[in-house]
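Both complexes below contain subunit A, partnered by subunit B and then by subunit C.
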Partner chain A sequence: MRTFHVAADLLREAMARKWFLGLGIAITALLLGLVGGLRLEVVDGALAATRLFGSLVEASVRPADVALRPVFVAASYILFYGGMAFGLLACADFAPALLSPGRIEHLLSLPVRRWELLAGTFLGVVTLGLLASLYGAGGLLLILGAKTGVWTWHPLLAAALAVVGFGTVYSGMLLSAVLVRSAAVSAASGALLLLMGILASYRIPILASMHHGPGRWAFALWSSLMPSLSTLADAAGNVAAARPVAMAHLGAVLAGCVLFSGAGLALAIWQFERKDF
Partner chain B sequence: MSLALEASGLHKRYRRWLFGGPGQTALRGMELSVPRGTAFGLIGPNGAGKTTFIKCLLGIAWPDSGSVRLLGASPADPAARARVGYLPERLHLPDAWKPPAFLSSVARLKGLDVRPAELVALLERVGLGDAVQRRIGGFSKGMRQRLGLAAALLGSPELLVLDEPTDGVDPLGRVELRRLLEAELERGATLFINSHLLSEIERLCSRIGILSEGRLLREGPLEALCRTEDAWEARFVPGAPEAALMAAGFRAAADGGFLIDAKDAVALNAALERARLLGALLVELRPASRDLEQVLADTLRGSA
Partner chain C sequence: MKPRRRPLLWLLAALVLLTLAALVKRGCEDAPEVASRPPPEFPRAMRPAESQRMTARGVLPQRPQPGHHRDPVLSALSAPDAGMALVFEANALRHSPVGELLLDCLASMDGGSSPLDELRQLGVDPLKDVDRVAVGDGTLVVTGDFSRAQWNTLSGMGSVEPYGDGSQIRTLVGPEDGGPPATFATWGDHLVLLAGTRDAAMAALDRIEGRAPVGQLLSDTQAYGDVYGVLNGAALSEVLGPADSPVATQLQAAARSMEIHLDATHDVDAVASVSGDDSTQLADLGRTLAGGLAAARAKALLSGDTPTAELLEYAEVVPGREKFNLEVALPFEVLQSMLAFCSQRAGADGGPSRRPNP
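What follows is the complex of A and B.
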């Protein structure tokens, strides 16, 4: 229960931060801009023309749901990578702030277990990511749904997949913050993890282009342990566009991400439990 | 008598995990027992290990060896910590929040169901009644300290552990906080105070411990620590010949009395006889006492 209290406090803290106020304003402004500037001419379920701030963008006649697919795919990638990049910067300070002198001593003196503090921080950050993603994706759905009559929940599912990816990266950031209490190191470790997650997604073509030897062996081993973040981003794009997705493959990628997050969180808690403050 | 806290053979060394060398020893076999319902003051120079001891006591740092009991339980037990209020030396507070929000958060983590009116009453009790709607970011150091104390007082804890509680608080504020802590003591709470302000400790605490280089050098009731073995304070009937007494080896005490240095009963009686012959009639005699500053200085000198 106290894990949820810690998470709720983190959300309250986030609401007071300019980063997140800025993010909320930016998403809202983008959505309002779309509401005001986007004119979609839909006739009998078909999109006849698209005008953005008066300029003609698309004039070919296509079924509205098909015409919106590229929009949802683009939104999904922006949400995945853009949201991840924003989250790396904006959330890098949460764990170091939790562990700051004068705060952590007070928290540890309360009847809260150490693991609850870290689990609550992780849960709070992931919830924050989920709320922001759902707000952006949900707003886009509402606007496009109202203008075209096409109502789909797929972009919301894609947003949830993006949050799984972010949670994977954040578990590594949390571990680094427990080891070295620094927002910069936390953000850098998140960026590195994202990069490694992208590389791990292309491990088979990369391995195919490498000569046999210790380097290839090391890359094969290392990349097998990393979460396939680009694969997850591609899957999220396909889900957003309601294209068929290999469920077994997506399940494996998701399981890998969840396993990686769990391992990162477990390592962070293990370190945290034995640490002096 | 049941104990609020008990430490036995406590050793703690901070190790540096990277290029660190041997690290720094903070506690070297610390032994201490504090009975429930008392006010205990831990004093000592900087780096003596006072804050480390508090951290070991509350499960914030783990001792290398020895044992700690907090209200009869292990500090790792959240149920024991739920009965403790702690004010750290430098409490970090969320600047964007208002005091009731901060207290609500602490209350939730303590598992307390506290109504908003109770929080406001608590803020008034620590002297922050006018600042309820202000953001913490605009608080002075003293106000932050008061808010930290309010957080420690949440849930009427059985044990209050206060690390430099009056740091940054103005003199009048110190008087207010002292009264508040005295009220807690009357309620039955145990106070464990770590402070550099010896006068505050002297006024509030009945038992004192002197810590230096991780060792408890002296511990006991305040009167016993401050009492001297070889000096006495005498009070004579008004009009005693002051100059003659001074010439006879007496020294003026702060409150109109006279101090006599006497190593034993024979020397004491000889001095009193001299005074009597000078026409000074004794009305009160008691062992002279030193202030805590002197006690600390003498103890540290003795241990060097």
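What follows is the complex of A and C.
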């Protein structure tokens, strides 16, 4: 329960920051731009023409839900990678601020365990990412649904998958903040983890192109430990497009990311428990 | 009292979770990402293999028109005033999954001798010797290897008359109702044609051998897919039949010409390019057809017919200037279920049963 209190405190703190106010305004402006600029002509359930700010974007006539799939896929990738890039910049300061001198001593004097502080911070940041993603994806769904009559919940699920991806990155950021109390280092470690997650998604073709030896062995070991973030992004795109995703594959990718997040959080807590303040 | 800290437990938990994450990751690496079928390959243009096939089929007649190596089948069908030419790549279709399915179905049928058996007695095995079957205005053209054929044994065959550079013409015995007799002609050992009249047969042979001008109803560059052809004006109206539905009426009114390409490599994927003079009527027709496809997909989704619904996702109407392309695919599974009665009969008789190719 105290974990949720810590998470709620973090959300209150985030609401007071201009970063998140800016994010909210940017998402709202983008959605309002789509409301005014996107004209979709639907005839008997088929999308006959798409115009964006007066220009003909697509002329082929296809079932409306099929024609909208590329839009949902694009939105899913923007949410995944754009949201992650924004998140690792905007959330880099939360953990270092929590550990700042004076504040951490005050927090530790309260009846809250150390692990609850870190778990609450992690939960708060992930909740923040989830709210922003659902706001963006939900707004897009409402606009396209009202214009075409196509109502689908798949992009919301894709937005949730993007948050799972962000969770893996933020667990690494939390660990680095505990080791080195610096927002810059935390953001840099998040960016590094994102890059490594992309690289690890393509480990099989990369391994196939490497010569046998210690280098290949080291890459095989290291890349098997990293979360497959690009694979998760692709899966989110497929979910957004309502393609029949192989559930075994999606489940395994999701489980890998959740387990990696848990491992990162546990390592951060381990370091936090060893520190004296 | 301060709670006792146990940092090593967290380290242990982290190591266990990391190991599990690695194991899960390695376990899913070979699993497919998407459970859907591959998208259909619509025959929108000539592919390299088809280009090679077309080049290999071109012949230089002894009296050529300037610069013309031409496929004899297309020459035979392309009279200057022709309104219809439809070519079936019989050999490719016979070896396609759909062709195999149809052959299995044919094999499971009971009864006496089939038309195929009668042809085999002539020295022509339709399943091995026939390459293409083409239909034109009152003309049927078949190509393949007919070197073992004994046409003289065919019932109703009249006398043989040499014609042109390497052709023979045989007039068949006329029908009992007194109509004009059909004409059977051969061009070497590779092409036979059946025409409604002797003049039509001679005109087709003249075009093949370069003595008569060839129209451009169906050009070499349009000869792609497993079935391809063009239907113009009256021929199109005849094929479409009576306009007994709103869509058929709209199609009759708007369409001047229709070019068809069909690929049966996996599923049956078809592209129909409809041309007309009134772009407004064509656009309306395109929208009506697209609406019909959207409705068919919705129906397939509601009835749980996943293969049809998946392939109808790719069905679309692509508008162009004074024409539109209609792209549709028929899943192999649907054809298989339509012909399920054959496999049931074959199973009962201990005959062959066909499985879809991946």
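As a convention for this text, the second predicted complex is superposed on the first by the 277 of 277 C-alpha atoms of A that agree within 3 Å, B and C clash if a C-alpha of one lies under 4 Å from a C-alpha of the other, contacts with A are read in each partner's own complex, and residues count from 1 in each chain.
Convention: a contact is a pair of C-beta atoms (placed from the backbone, for glycine too) under 8 Å apart; a residue touches a chain by one contact, two chains touch by 3 or more.
Treat the numbers as computed from the prediction; the structure is a model and nothing was measured.
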{"item": "Subunit B versus subunit C as contact partner of A:5, first or second or both or neither", "value": "first"}
{"item": "Partner chain in contact with A:227 - subunit B first, subunit C second, else both or neither", "value": "second"}
{"item": "First (subunit B), second (subunit C), both or neither touched by A:274", "value": "both"}
{"item": "Subunit B versus subunit C as contact partner of A:113, first or second or both or neither", "value": "both"}
{"item": "Touching both subunit B and subunit C, residues of subunit A", "value": "113, 274"}
{"item": "Residue ranges of subunit C touching subunit A (in the complex, touch as defined)", "value": "3, 5-8, 10-11, 13-15, 17-18, 20-22, 24-29, 31-36, 286-295, 297-298, 306, 310, 312-313, 315-319"}
{"item": "Footprint of subunit A on subunit B - complex, ascending", "value": "14, 55, 58-62, 78-79, 81-82, 84, 86, 88-92, 94, 96-97, 101, 105-106, 108-111, 148, 151, 161"}
{"item": "Subunit A - residues contacting subunit B, complex", "value": "2, 5-6, 9, 12-13, 16-17, 100-113, 274, 276-277"}
{"item": "Subunit A to subunit C touching residues, read off their complex", "value": "43-46, 48, 59-64, 66, 113-115, 203-204, 224-225, 227-228, 231, 234-235, 238, 243-249, 252-253, 255-257, 259-260, 262-264, 266-267, 269-270, 273-274"}
